[in-house]
Amino acid sequence: MDAAFTSRHPRLRELLLTLKILSRNPSAVAGALIIGIMAFMGFSADLLAPFDPIRINLSERLNPPGWGHLFGTDEMGRDILSRVMHGARISLRIGFMVVAAAGMTGSFIGAAAGFLGGRIDNLIMRVMDVVLSFPPLVLAMALAAAMGPSLNNAIMAVAFVMVPKFARIVRGEALAVKEMPYIAAARVSGAKNFWIIFNHILPNCMNSVVVLATLTLGETILIAASLSFIGLGAQPPAPEWGAMISVGRKFVMDQWWYATFPGLFILFTVIGFNILGDALRDVLDPRIRR
Amino acid sequence: MRILRYILRRLLYVLPVLLGVTILVFFISHAIPGDPAQMIAGPKASRQAVEEIRRSHGLDKPLPIQYLRFVSGLVQGDLGRSIRNHRPVVEDLKDFLPATLELTLAAMILCLGVGIPLGILAAVKRNKLTDHLTRVFSVFGVSTPVFWLGLMLLLLFYRNLGWLPGSGRLDIMVQPPPQFTGMYTLDALLAGQWATFANALWHIILPAFCLSYVYLAIITRIVRSSMIGVLGQDFITTARANGLSEAIIVLKHAFKNSLIPTVTITGLSFGELMGGAILTETIFAWPGMGKYVVDSVNYLDFPGIMGFTLMVSLVYVLVNLTVDVIYAFLNPTIRY
Amino acid sequence: MNRGSPVIEVRDLIKNFAVSSGFFGRPGTFLRAVDRVSLLIRRGETLGLVGESGSGKSTVGNCILRLLQPDGGQIFFRGRDLAAMNRRELQTIRGRVQVVFQDPLSSLDPRMTIKRIVGYPLTVSKQVRGAEVEDRVLAMLREVGLGKDHLHRYPHEFSGGQRQRIGMARALITEPECIMLDEPTSALDVSVQAQILNLIHDLQKRHGYAYLFITHDLAVVRHISHRIAVMYLGLIVESASKDTLFENPCHPYTRALMASAPRPDPFNRQDLAVLPGDPPSPVHIPPGCRFHPRCSSVMDVCRLEAPPRVRIAADHEVACHLYPST
Amino acid sequence: MKRLFLIVVLGCFGLLLNGTVWAAGPETLVVGVSSDIHTLDPSVSSDNYDWRQIYPCYDRLVAYKAGSTEVEPSAAESWSVNEDGTIWTFSIRRGIAFDDGTPLDAGAVKFAFERTLQIGRGPADNIGAIDSVEVLDDYTVQITLKNAFGPFIQTLATDAASIMNPNIMKHEKDGDLAQGWLAENTDGSGPFRLAEWTRGQRAVLEAKPDYWGGPAQIKQAVIRFMSESADRRMALERGDIDIAENILIDQLPALEENPDVEVNKYPSQLVEYVYINNRKPGLDDPRVRQALCFAVDYDGIIHYVLQGQGVQMRGPVPEGMWGHKKDLFQHKRDVSKAKALLKEAGQEDLELTLIYSERRSSWEQIATILQANFADAGITLNLELMANPTLRDQVDKGNFELCLGAWSPDYADPSMFMNFWFDSDNWGLPGNRSFYKNERVDQLIRKSVTLSDQEKRVELYNRAQEIIMDEAPYIFLYQVKTIVPMRKNVKGYVYNPMLESMYNFQDIWKK
Amino acid sequence: MLDYGKTLLSIRDLSVRFATYQGLARVLEKVCLDIKSGEILGLVGETGCGKSVLARSVLRIIPSPPGKIAAGTISYQGEDLLQISETRMRQVRGNRISMIFQEPMSSLNPVFSVGNQMREVIRLHQQVSKKEATRIALDMLRQVQMPDPAAVLGKFPHELSGGMRQRVMIAMELSCGPDLLLADEPTTALDVTVQGQVLAILRRLAGEKGVSVLFITHDMGVVAQICDRVAVMYAGQMVEVAEVKELFSAPAHPYTRGLISAIPGAEGEKGAEHLYSIPGVVPGLIDPPEGCRYHPRCEKKRAVCTEQTPVMVKLHADHDVACHCCGPSREEGRP
């Protein structure tokens, strides 16, 4: 065993072990690689992108893919490659913001509901049931429409929709964790409810949350792109993928490249998160781990 | 008898959820910016005309009062009038629901018909090539933006190959079949109009496939993983130790058990189908509720949005209720 | 060691559970999981509580720990009634009654290192901080036979026996007076079980803890206990000092229990099937004496009346109609 | 693979059964349009896309001459007007009847106008000059106006003045004046009637063989709702439809190459312009507004976005409408002048937000170009796309800085531009969306609209236009060309700028 | 009573490997064992020593992957069970050799009724009508002293108690009259009084029907009470096989000795304050100790123990042991 795995820092050791197991899982590596490439492209789009994603150049309208513009140009003569590269930043930002917001809120709500039980649980879960009674896209659409079309509103809408997912899964876990003898031991030692939630319940739900978060990242990117496609998300001239497809749709019969490339980028990004999430689920599953 | 009581109890349990749904829907739609009275009046209307409409539609009342009016209307099956076309929303939904139903049912048949066998196959051939291919297929499924897939299908099959039609439920000159269910394929069959049936079928292929792909992938995954779970259980070992053949073990012992989680998830991810329908209908100009609601959103026709959202969540809740009943039926350990 | 001063005294403890939560959460019927149980645990002494699954022995333990709120009776800890304490009062005695659970893995939080797990009761009560915690934890680990190199590991990196040692260390760090041992060895293999039983025994010798040892294993309870109480369906049917009980088991259930435990002696084969039927579920408690449907010496009165507890010797009580109170 | 195979098989199966059976014959005209009908009630609809169906189903007292904005007698044989232009008397043609045999008489006209006014929706504003309608005898009707209103006779040719059968009242429910019924049915005396309306799919108008003006050449007109421009274009090229509406400009070059298709372009009265909120600080300075007008690359927009299918506006009144002033000042791109004006106004770091909706497909491009143009002049322009209703709400409340808009006249009179856009009584949605106020202009245009003498009116409007160009309350962009691509065998179509997207179905025929 | 028949099943040099995340686990290492007809052979050992894997290997039902039978033979009636076809194997399973498991909760299919599952097995191996199968099932349930057997047939597993479920399993597995019953800790999950009942039924039926039983357990008390011979395993290796009384009275292998001494109450009724305990922990199977796998915990460890794996040698007629310290050549080493 490497020195790192016998490290005195237990968390680091666990993390390294997890990474080591992950690195032996081909789909995890593939997923991480895709996300890594997307993230790299997004963050260094300013340096990498051959053209300005916003600036219009009307004399180059709707050029097909070629050496000058690998992915062709759009109806304003902007380079589609540059735009999809910048789009990576937007989509990843949406994904991470939504998941961070929904993950934290949902996890806490779920942990509290599951652990405290009784009326609080009932109330919280009924509210969650109401939110869950809508197909996610439909609710996000209604919310985004209500708040007005903008990227930030779309993020809030999607986050709102995603909260019950986390709440439900964490609640389920919390119900199981709650019955574990170590919770009883903590009680016997005098721990109070919120201490137990933060020190036992939430950390022990982390694996599921991480897996769910990864999968939700993919789903979020899809829903956000769908909202943008309907016109309720990112606003032009922002190079958001869904919005690009929305405009590209008008040109799809003659200028196939316009809608095709942003779609491929969405597809691959979401695939990245999905296969990484699946692999994480396999790896983090304690039954396999121990 | 016990199952009836169980259904009744589940129904009662659904009521507060539905009440919550109406509240949420109502307040969302009233947060929508844009003055409905102005919308009703039209683009060049004078101020007095707008005020008059505001009064006559009760739009000047406080929100809680408007909510009460809304709910009492709801109970009588009145979802209000669309701002866009001044029709009762219920009428609109009646017109557009069958198309969505036809599309989702077609997609559903495709999903279950393909997804279940595929999932079983993948589970049985776990970690073999079949399994890997199935997983790739389903990962692509859950990762593909429906609207983009639709566009690509159109590009290929309509624009480039010209094999399949690009929009609508029927060709332009085809008379819709007599209305029984509102689903053209079914109605045409019932009326014995073979040519119309063929035409309707011809039109539904692309949208149904596009819509089904995501859901199909989900079903395949669920069947696969629940089959794998069940196949690892002790009673499967017992069955093996008793000399049962793999086919019987998989198709009888494992499958019935794996159906239990599958049915649940099928219900829960029904929402994906509904969400997908919105996008699919938009892409394929399928005159269903999805397209209706997108048009409503663009027009901020809040009674329309509200009616659709309510309708969908009602369908969704009912589907999940049905699923619960099937679940209880499948699973003898559940006590109802 | 001065054995003898009562640490925990349980009087007529009652605990009910709701069977079916009725429509919209209304409580339905109750089952009585624990019915007027009385126990006395003395300093330096081990009370063995024996019974089959569903007999309510763990429920008694959980009531004493106040993990469950009793529905009746008193639980005196050093003269103060735990059953009547509110949340704040309870905080003051937390740590003085400790617990070790059956499953050594699930009783340790898999997300915490040993240092945190063992030091936990100290951190929670904010008695001790920083480096002192580590010192105390280390001292405790040494006490249970573990060392410094175990400090930064996670529970899953240990074997079953080691985990149970960790569980002991955690229980002991607050310097409790009473420790409830809820089947602490039943998940362990024989060779490891022996190690843990020895440890439990040694610790008592050293510190004079009062133990409530809950188990279904007669051999273990015989080895470790000073006094034994036998539970059946929420009721204590017989209690006596260890030697009395094994030499003179009175209740038919106690006798059956002893007879059906397989002895590691191939030269004397027992008749194992001494007791017919399944242990009844607490949902359907038989009328009269709860044991009567399985009892070999059942009499008419047993079907009608619950037998009273009778003292038949100085330290020997039994609840059976065979021993009428006179 | 299997699925692909299945699709191929089913597709071929479908192809065999299709193609041959369902072609439209020469007696059927198929129009591909972008959106469904909302309502068919002429008293309710303010939407050109509804009027497409409504207009041919009804008669009006007067009608536009073919291809012209002048009116000619229709249901009214003749009319007279009193000296001050407030009382109009019409004598109605005999022999016009509704489908159930009810004659179109003075009573029907009174009923129709009063119904429209009573419902009080958009159309009521179109004929809002009417004070009362009186039946003098069966075939003579007298209309009294509130004030003299120059364009009155023009408004009677609009869809809002359609005359419906008084018998529709038997369909009345809850005092809705039969709105519910008329929204989905037609009952007029026009050359066509609605035969089928399958929501979201198609509407069929069938020709009445006994129309008083002579039957139409086609038997039926099928209006197919196809939301995507590309879809309509494909259908037109394949011959599935005969006329395709609203084709995106970018798809025209491909269409023009098709030998079976003729792409007709007509100058229209539809103008697109930018509302500048004159009340916002900064924008209340005419120099700043002038600077904005000078910053715009009008030629570039017309060249690239419209592919040349438009003309830059010269003042508010478009070319082709009387009152258009040929020698009026016109802004041209002049970045240095714009910068100088801004400097003069002390607004060198101007940051503005332009709101727009997706109502017109070109707006996104225009907004982006404006952003680039303004940047050249040192102005930061933020873009905000919003749903049209939201946008209208913001405009009505004056809650914006710049906003893209489009306008087309309901009747052929410059007052549709001059009075609606500049009268300070019309602030907000009713028309003056720049919240412009100039008392001199108010006087001039209010005076003009009451006069009947066209020359006098033009003079007043010209004076107003001069003032307006100085103060630059709007950025006048362009008036578009209406593009109506159709199959070459479609004959007899006549474009009328007043009847945008309304077809003269009764004169169209297919070769 | 100890009328040993001829050898029914003979396991030779059986090695099984499991692929795990951490590496390849050598779960069984060259295990040899004979089961004679009519005997109850106890297989004891601590958790994870490979007892269950051994039993499952006989029926070839170890989960594969990750499990893999790497080497060895299992001969049953002249056939090597590891070589015959899957179809032939299925005729053996549940018919000639059957198996019951530890968890009565999960070894029955929750969605089919008891009768349904029993009939399925009966009709699979016997050409009988449905009615006849029901009769056989009822008869078997009576033989395991099931109260109200007719009603039980219509019930679902979750409606039965643990003891009843285990009886159903026994009835089902004996319904085809097998030669060998593999019982994998069948009473561990049961309460002690119920365990007594089940053990009694098992002992009686095995005797009546002449079925050999491989009884896997970790409870030395159970072994003492029902087994004829005992095999002791440690960390994937067989360490000692002996007649039951011989094993308890004269255990040869240090591990066996430790196991017996560690039982509470074994040293007599009074008992010492301290129990004997084996030091250390059971080794992992991925990287097991070289040589004798027990050597890190052995009190009698010698140099040779760390280098060479001891082979099974005959101590007496019915007593084999695999230990460097107590082979027949070192007879003096007997305790």
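For clarity, chains are labelled A, B, C, D and E in written order, and residue numbers in each chain start from 1.
The rule is simple: contacts are C-beta pairs under 8 Å (C-beta built on N, C-alpha and C of every residue); 3 or more make two chains touch, one makes a residue touch a chain.
From a predicted model like this one, the values you see are computed outputs, not experimental measurements.
If we look at chain B and chain D, which chains touch each of them?
Looking at chain D and chain B together, the chains touching each of them are A.
For chain B and chain E, what is the smallest step count along a path of chains that touch one another?
The least step count works out to 1.
Quick check for the class: compute each chain's Cα centroid; which one is farthest from the centroid of chain C?
In terms of C-alpha centroids, the chain at the greatest distance from chain C is D.
Quick check: which two chains are joined by the most contacting C-beta pairs?
After counting contacts between each pair of chains, the winner is B-D.
Between chain C and chain D, what is the separation of their C-alpha centroids in Å?
87
If you average the CA atoms of chain A and of chain D, how many Å lie between those two points?
45
Return the distance between the CA-based centres of chain A and chain B, expressed in whole Å.
Each chain reduced to its C-alpha mean, chain A and chain B end up 24 Å apart.
Where the CA atoms of chain A average out and where those of chain E average out, how many Å apart are those spots?
Distance between chain centres, rounded to whole Å: 50 Å.
Which residues does chain A have that touch at least 2 chains other than itself?
Expected reply: 145, 148, 231, 249, 252-253, 289.
Can you pull out the residues of chain D that are in contact with at least two other chains?
If we look for residues of chain D contacting two or more partner chains, we find 228, 234, 358, 387, 390.
Mind listing the chain C positions that touch chain A in their complex?
25, 62, 65, 67, 91, 94-95, 97-99, 101-103, 106-113, 117, 120-121, 124-125, 152-154, 156, 167, 170-171, 174
Help me check something: in the complex, which residues belonging to chain A touch chain D?
55-56, 58, 61-62, 75-76, 145, 148-150, 231, 235-237, 247, 249-254
How about chain B: which of its residues touch chain D in the complex?
Interface residues on the chain B side: 32-35, 38-47, 49, 52-53, 84-87, 92, 95-96, 99, 114, 157-159, 163-164, 166-176, 194-195, 198-199, 201-202, 205, 209, 285, 287-288, 291-292, 295, 297-300.
Spell out the part of chain E that touches chain B in their complex, as residue ranges.
Touch residues, chain E against chain B: 56, 59, 61, 63, 65, 89-95, 98-99, 101, 103, 106-112, 120-121, 124-125, 156, 158, 169, 172-173, 182.
Considering only the defined contacts, which chain A positions touch chain B in the complex?
Residues 126-127, 129-131, 133-139, 141-143, 145-148, 218, 222, 225-226, 229-232, 242, 245, 248-249, 252-253, 256, 259-260, 262-263, 266-268, 270-271, 274-275, 278.
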